[in-house]
Amino acid sequence: MLVDIAFVALGVVAVLSGAAVFVVDSMARATYALAVSFVAVGVQVLFLQQSYVGVVVILMMVMEMAVMAVYMVMFMGMNPALMPMSMVHSNRTAVATAVLTFLLLAAGILVVDWPARRGSPPPEVTEALGEALMGPQMLVMAVISPVMVATIVAGVVLAAPRTRYDRFGDDLRQRPPDDPQPGGVGR
Amino acid sequence: MDSMAMRPALLLPEIVLFLGALAALLGGSFLPRTRQWVTRVVASAALVLAAAMAAVALAGPTAVAMEGSFTVDPSTGVARLVATLGALVVLALAADEIDGSPRESETYALLLLSTTGTLVLAGADDLLVVAVGFLLTSVPLYGLIGITGTAVAAEAAMKTYLLGALFGILLLSGVTLLYGVSGTTSYAGLADPLAAAPRAVVAAGVVGVLGGLLFKAGGVPAHFWVPDAAQGAGGAVAAFLTTVPKIGAVVAAYRLVGALPDTLAWPLLVGVLAVASMTVGNLAAYAQTDPRRLLGWSTVSQVGYLLVPVTVAGRSDLALPSLLLYLAGYTVTNLAAFAVTTAFPRRRELSAYRGVGRRYPWLAAALVVALLGLVGTPPTAVFVGKLTTTAAAWDAGYAWLAVLVLLNTLVSLFYYLRWIAALYARPTTEHPEDGDPPAPWSRWTAVVTAGLSALVGVGSGVLWAVATA
Amino acid sequence: MSHGSAQTALWLLVLLPALVGAVLVVMRPERVAVPVSLLTAALTAVLALLVALSGPQVSVPFMVGTDLALGVDALSALVVPTVAVVTLLVLVFSAGEIGRSRARFHGLMLLFAAGALLTATAQTLPGLLLAWEVMGATSFALIGFWWHEQHRVSAGTTAFLVTRAADVGLYLAAGAALAGGGGLALADLPAASEGWRHVLAAGVLVAALGKAAQLPFSFWLSRAMEGPSPVSALLHSAAMVAMGGYLLLRTEPLLAATGWAGPTAAWVGATTALLLGAVALAQQDLKQLLAASTAAQLGFVVMGAGLGAVGGGAAHLVAHASTKALLFLAAGAWLSALGTKQLTGLRGAARRWPLVGVASAVGALSLAGVAPLALWATKDAVLAVALARSPWLYAVGLAAAALSAAYSGRILLTVWARVPAADRARVVQHLDEEQEGTRHVGRLETLPLLALALGALTLGLLALPPVGDVLARSLGEQPVHPGLVEMGVSAALALAVLALVRWRPAPRPGWARHWLGLELAVRAVVVGPTLALARALASFDDRVLDRAVGAAAAGAVGVARRAAALDDRVLDGAVESGSRGTTRLARVAARADERGVDGAVEGLAARVRRLGQVARRPQSGQLHHYYVQAVAVLAVGVLLLLMVR
Amino acid sequence: MLSLIVFLPLLAAVGLVALPRLGDGAARWVWVAVAAVDLALVAAVWLAYEPPGPGRLAFEERVPWIPGVDSSYHVGVDGLSLPLMAMTAVVFLACAVFALRDDDRPRTRAALFLFLQSVSLGLFAAADLILFFLFFDLSIVGMYFVIAGWGHGDRGRSAMKFFLYTFLGSLALLAGFIGLYVAAEPHTFDMVELARQTPLDGSPTAGGLVLAAILLGLAVKTPTVPFHTWLPPAHTDAPAVGSAVLAGVLLKMGTYGFVRIAMPMLPEAWRAWAWVVVVVGVVSVVYGALVALAQTDLKRMIAYTSVNHMGYVVLAVGAAGIVAEGSEQARSVAVTGAVTQMVSHGIVTAALFLMAGVVWDRAGTYDLGSFGGLAGTAPRLATLFAVGTFASLGLPGLSGFIAEFQIFAGSIAVAPVTAVALVGILITAALFLRALQRLFTGPTRGASRGFGDLRAPELWAVAPLLALSLLIGVLPRPLLGVVEPAAEVVVQLVGR
Amino acid sequence: MTLEAALLISAAIFSVGLYGAISQQVVVMVMMGLELMINAVILAAAACWWFLAPGPTGQVLLMVVIAAMTLEMAMGFAVAVLLHRARQTDMTDMATDLSR
């Protein structure tokens, strides 16, 4: 019972903090609200016996939100992150869409005759995950790795304005590199 | 045959491509800017090798790898061949456009990674593999689109990314729902539990997954990024993103609907989306003045045609071979059209093509073949594809779909003809770039691919035999 | 003469003039044209006599399962030499008369003669129709021979179109013959099944009446007088017009087999003879007079065919050919010499060139029906049968005969008149009004006249007992001898009318002066409305039909707008009331309709462009619009899957 | 043999394109030579031809193409296709000769026309629906470039209209083909097999719909009222040789489809809808003639007479579907007439359009009112034009008569009401005579002054065509002997 | 703790995220909306695993979802930076050169 109450309470927290993301008046606060929402869900996942995944979610989101906050301040030069602001369009449509979506989903969730549970959770959840990753689902994880490579490459390509040829010259022989601000190890 | 074995050797083409991407990436970082063509050679070699392996695998029997999550059958084989060869053609186009650009090797790496994703999608026999395949195809695309760093490229990348993210989430939601009610993600075990599961959940899940695949394919309602990306990205990249990822997505969609139970009217849904795609694409293409944007819209409509055999999957023997044939024909034809635009990178208005017919008859002829091919004029490959897909639709009792395909073909004629008409119109003096000679690699690529598109049509019997093997 | 050579002769009879004519027309060898043409015509005449004597049959496979069969039987044995000889004589005359474009003229004349000869010998319907229309086409070319003058060409056009309108009957007949099962050979036509036989007869009748310038088609003959005189002499007396009568004679069994076609033909013939006689009487222009007279005389032939008096009809045909060719040639001779064909201007012309005058007098007397000249006997042969059949018909025929005596008398009196000094100025005033007169009639022109006069003098024998009986028997009918009383009555009537005319000039009925107003009527009733209809349809074609496609597209635009309206609603999140939507749809449809009417078929492209604008509206460039649309479409997709099982 | 005939021009075209060194003059002569050789080959086939009998083709060749849908490269001839192939070869040779003096990009044009020749011959030889469609569509493409590239006036627009309109037709046709394919068991696109199976017999609705699609496609190409509106602008703005090919050869593709596809493969539906076809035919005949009568533009006028002439064909094939006891002979006569009309119209109209091209070349206008007395300045043109018009209006002794006589005799015998269409021959006569009169007679005036008569290439292009028409008109047996057995087979197939 | 409760919460989070994705102008804020949606998917996946099919595949699914979230966000930042650099804007509305 207590577990139920806690679970629902966490859910309410997750929803409300999620909503807060778009209500609070600065980006930094929005970031934190999002983090709260994630943490709440992460705890819920823990409730659902997925300790490993739950922890991963929590840790990852805290880190990510920290990055995001820094990013807000650093890259968005005008520094809107700390200033109250509202940048919203088509608010009515958005509200309508969201509400409709929710009603549709909720109706479905409540009306559907959910099937009974198939099987029972393995005794060692995390171990089972590991075995699945090394077994039937190996391909999935194997593909995730090129995706990560791709993300790194693509992210750098998009984000970095300067290439190695800007730094080291067309033949990569220019030393020291031509950087706008000197830095790095040993400088 | 032991279906529960790993057999990673069956995934050799994908592995080769991934390794090729890494090699290109690493090699590029040690090469002077003007000698990055070496990485192009490396990438080409990887593609050729992968194609060869795919061909070998195609000759072999159908097999499943990675404990049933990946199938190597004729569909995979044809998709692998077409995708790798298509990517090879894109590399040829890139030889003009980005030769010596600072991001050249990264571009090749991303191209190869995305191609790998397409192959994964094409062979995926498991919802989770579809999900990761989706990611692997999409993520490099965002990078490729924005790689030139221009304002329009940035905008196109932003839109593609945001749409991709949304549809990725929908895809994952769909997978979650389907997994929830069936307890598995493997196609092999999906049909029976789904037939017994609550229809609403299955419907929502299928729509989610299908939505994701439609994003990759560029069909309605996830088509918004296609014309933007085609216009905003570089020529070679535009050629790539309107062609290669589709191959995997459409084949994946075909596999997906094959695993669905008959309790759901999914053929109707796919059919309606197909019609929506072809109609919206054709109508919207009508008034375009930028050739690449026009081609972008045209691919939206082509996806509509490609979805026709998906609609009738399992209901007509013609469905699968016609799909593969259409894919092959479409790929080569669309690449030919894009090759012409990369041959004239500065002609970004249809009117700028005035007089090309007289000055560069071969290139103009290639474009004519490509455009008429896209219309579906015999004997080009797309015609055979369109014919057989239409026949398949009719054969399966979807005569209305066949009729709509033909009607849409008529509408499409308008805008393709506008371009052709411009080619042979008298040149005007207002376009100073008229003096630009066409880029050599693109030029020959255009001619070769256009010829190939006719050849594939004429030799479609052979391809058909392969596809039905 | 062997069988084979007779057959060759029959082929040559048609092919020789045709080939030579074609060569002359195409190659235009002006220098040798006349000798070649005369030689050909002479050879043709010889061949005609040969085949008339030997009566060969030939055929080659043609079409519709029938042959192109040629044959000479008694009837054609009579007609073929007539045509060939008259052709020769007319060409001889033309050698003197026609000075320019001789090759073309002689070539066309020979082509025409070939057509006429083929008509006369044709044994099957396709072959007949072939020859029939070739005659029509060459007549167009010959009437409009002097093409520098538009009115002559349009006269040719009129002649061709009117006769072709009647020819439609032969096409109809061909269909009927095919359906009737009797076959397309002329001899087999009566064997057609009951219903089709009537159609067949009607078709043949119409075609023949058209060619023979019977009512109501007569007016084309008036216009045809724009052509050169030798053309009139051949086409409008001996050959083409006569072929109309000939066709009816040839298909007499068919007419008889229907029960109604024969009497109809007889009455049409009689009426034409009467009314066109009156028309002839009213003419002031010699050629017009002769033309009307031709139609009237052919009326007797048609009457004969309708009554089953083939022998009499054929004899009248031949005799009339000779007589009328003579008169036309005389008129032509005077026209080229004096430059006029008005009777007033021709007063006393016969006295100036007595040889021509005498010959023409013989012709006119024959035409008047004076005994014992040709037309007297032949006409009576027809009238005798008429009397046996119906006194009314006989009465009409007799009245017509009286009219022919009256107009012949006018000709005679005019050309032989002594012109008083007081009137001389009025006569001279007419000279050279038509063309520059040569004041000369050469020997080439005179000789044919004399030959033809001989015919006009003697051909009556064909209808009189010894020869006439042979002819009748060879045609397979019982010889009918007009009673002496009747012959006497008709001869007396002719003389009386002549005397009357001498004593008191014949009246010139005003109502008949313009050929009964037939041409005007046709122009008003047929030509005008057709042209108006054609113009109306042409503008319909340009303005409406061409744009209908666009209108269809407009409908699609309406649908698309409706779809777009739905789209807007999704975007705005507002729900419009159903009634508003309906009125909006109606408005859209109305607008589309307007566009459909004023657009062009090319507007299809414009409309698709408009549709394209609709289709591109969702592509707003605003990402959040995309999101809403995508989610909405997918939600609809889910609902679709749920709704449809 | 047939493949050689079909692809020889295409090979030559590729050669012309691939060898830009070849001068313009050489290109022209290559065109003439290839067209002549092709004609000789067709003549050889004609000489060796024996009627193959029902359900068969002569000179058959068959290679699998797309075995999956049972479509093959299947060619063959019979009495319906052989005359049309011969006519096609003749018309293209005439065009080649005609263009000898024309120096507007001759190399490309020669290649384009050789391509068109291949396509046209291929269409008539095709015995597979997809192959047929392939050539059908390519003919549109080729003609589009001819009009857009070498036309005059508002050519771009006319060409576009032509393309769109006829492409619509071709798509309808394709829909019909697919319908036939799907209905056949086993599925096939083979014409011979489909004619044997008649897959849609017994399902009137489906049969009717498929027939409607096929008829729509063919009606647009033919064209019949009310689908003809692309024709006048296309002709008016096309070059002379283009018009000649368009009217002479391409229009026949539509009418040929009636006898080759619609009638044998859908006999039941054809019989059911024969009256509709007859009505369309009659309306086309009368309407086409009347609208032509009102034209003041020479080329538009000839174009509309094509509507009229094709109307006769439609009328005849429609009548052939009205099956009654004992009407086989009449229906076969009608079909024979229809095929003869296709050949005759091809030859004659090509000649007329070539001469219209001469008029444009000299005077730069087609307006009948601008001329007068041309017979004085251009006697050769006058003679040949007169012969052409007479041939066109169906004067006996020329090919048009043979065709029209049979069409009328057969149709009237089957359906007497078709006699209404006889008005057509009258109006055609009127309009052609009016045109002759306005162009050639009267005093020489306006654009007729200084008008140069036919030059040798023009003469040698036009005169043989008309001579051929004359030959058919006088000696129709060689042609009819080939057509008649095939027509009987068609009638028999429709009657089953 | 029932499936329905968990899914309802998930649906609520999803809807909030959707609202954000649609209504926000700034790219990063749109991304936050998307993250919330992924958050909802995580919860749904966990719930489905626990209540419906507690097999190992479900956990892998969760892993994939988390990985996807991370990767997508990384790309998102890169795209935002690019947009900012190329167009001096971080708002989706201000990048509408490509339309129609």
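Every chain is named by a letter (A, B, C, D and E) in the order it is written, and numbering of its residues begins at 1.
The definition used in the following text is that contacts are C-beta pairs under 8 Å (C-beta built on N, C-alpha and C of every residue); 3 or more make two chains touch, one makes a residue touch a chain.
Since the structure is predicted, the reported quantities are computational estimates derived from the model, not experimental observations.
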{"item": "Partner chains shared by chain B and chain C (touch criterion as defined above)", "value": "A, D, E"}
{"item": "Innermost chain, where centres are averages of C-alpha coordinates", "value": "D"}
{"item": "Greatest separation from chain B - chain, by CA centre", "value": "C"}
{"item": "Comparison of B-D and B-E (more C-beta pairs in contact)", "value": "B-E"}
{"item": "Computed distance of Cα centres, chain D from chain C, in Å", "value": "31"}
{"item": "Distance from chain E to chain A - Cα centre to Cα centre, in angstrom", "value": "7"}
{"item": "Centre distance in Å when chain D and chain E are each reduced to the mean of their C-alpha atoms", "value": "64"}
{"item": "Averaged-CA centre spacing for the pair chain C and chain A, given as whole angstrom", "value": "97"}
{"item": "Chain E: positions in contact with at least two other chains", "value": "14, 18, 21-23, 30, 52-53, 55, 57, 60, 64, 67, 71, 75, 78-80, 82, 85, 92-93, 95-100"}
{"item": "Two or more partner chains touched - positions in chain B", "value": "128, 131-132, 135, 139, 142-143, 146, 149, 157-159, 162, 166, 181, 183, 200, 204, 227, 284, 287, 414"}
{"item": "Multi-chain contact residues (two or more partners), chain C", "value": "605, 616, 619, 623-624, 627-628, 631-632, 638"}
{"item": "Which pairs of chains touch, using the document's own definition", "value": "A-B, A-C, A-E, B-C, B-D, B-E, C-D, C-E"}
{"item": "Contacting residues of chain B [partner chain D, same complex]", "value": "318, 321, 361, 365, 372, 377-379, 383-384, 387-388, 390-391, 394-395, 399, 402-403, 406-407, 409-410, 413-414, 417, 421, 424-425, 458, 460-461, 464-465, 467-468"}
{"item": "Contact footprint of chain C on chain E as seen in their complex", "value": "18, 21-23, 30, 92-93, 95-100"}
{"item": "Complex contact set, residues of chain A against chain B", "value": "108, 111-115, 118-119, 135-140, 143-144, 146-147, 149-151, 153-158, 161, 163-166, 170-172"}
{"item": "Residues of chain D touching chain C in the complex", "value": "157, 160-161, 164-165, 225-226, 229, 287, 290-295, 326-327, 329-330, 333, 336, 373, 375-376, 379, 383, 386, 390, 395-397, 401-402, 404-406, 408-414, 416, 419, 422-423, 425-427, 429-430, 433-434, 437, 440-443, 476-477, 480"}
{"item": "List of chain B residues in touch with chain E within their complex", "value": "128, 131-132, 135, 139, 142-143, 146, 149-159, 161-162, 164-166, 168-169, 172-173, 175-177, 179-185, 227-228, 231-232, 284, 287"}
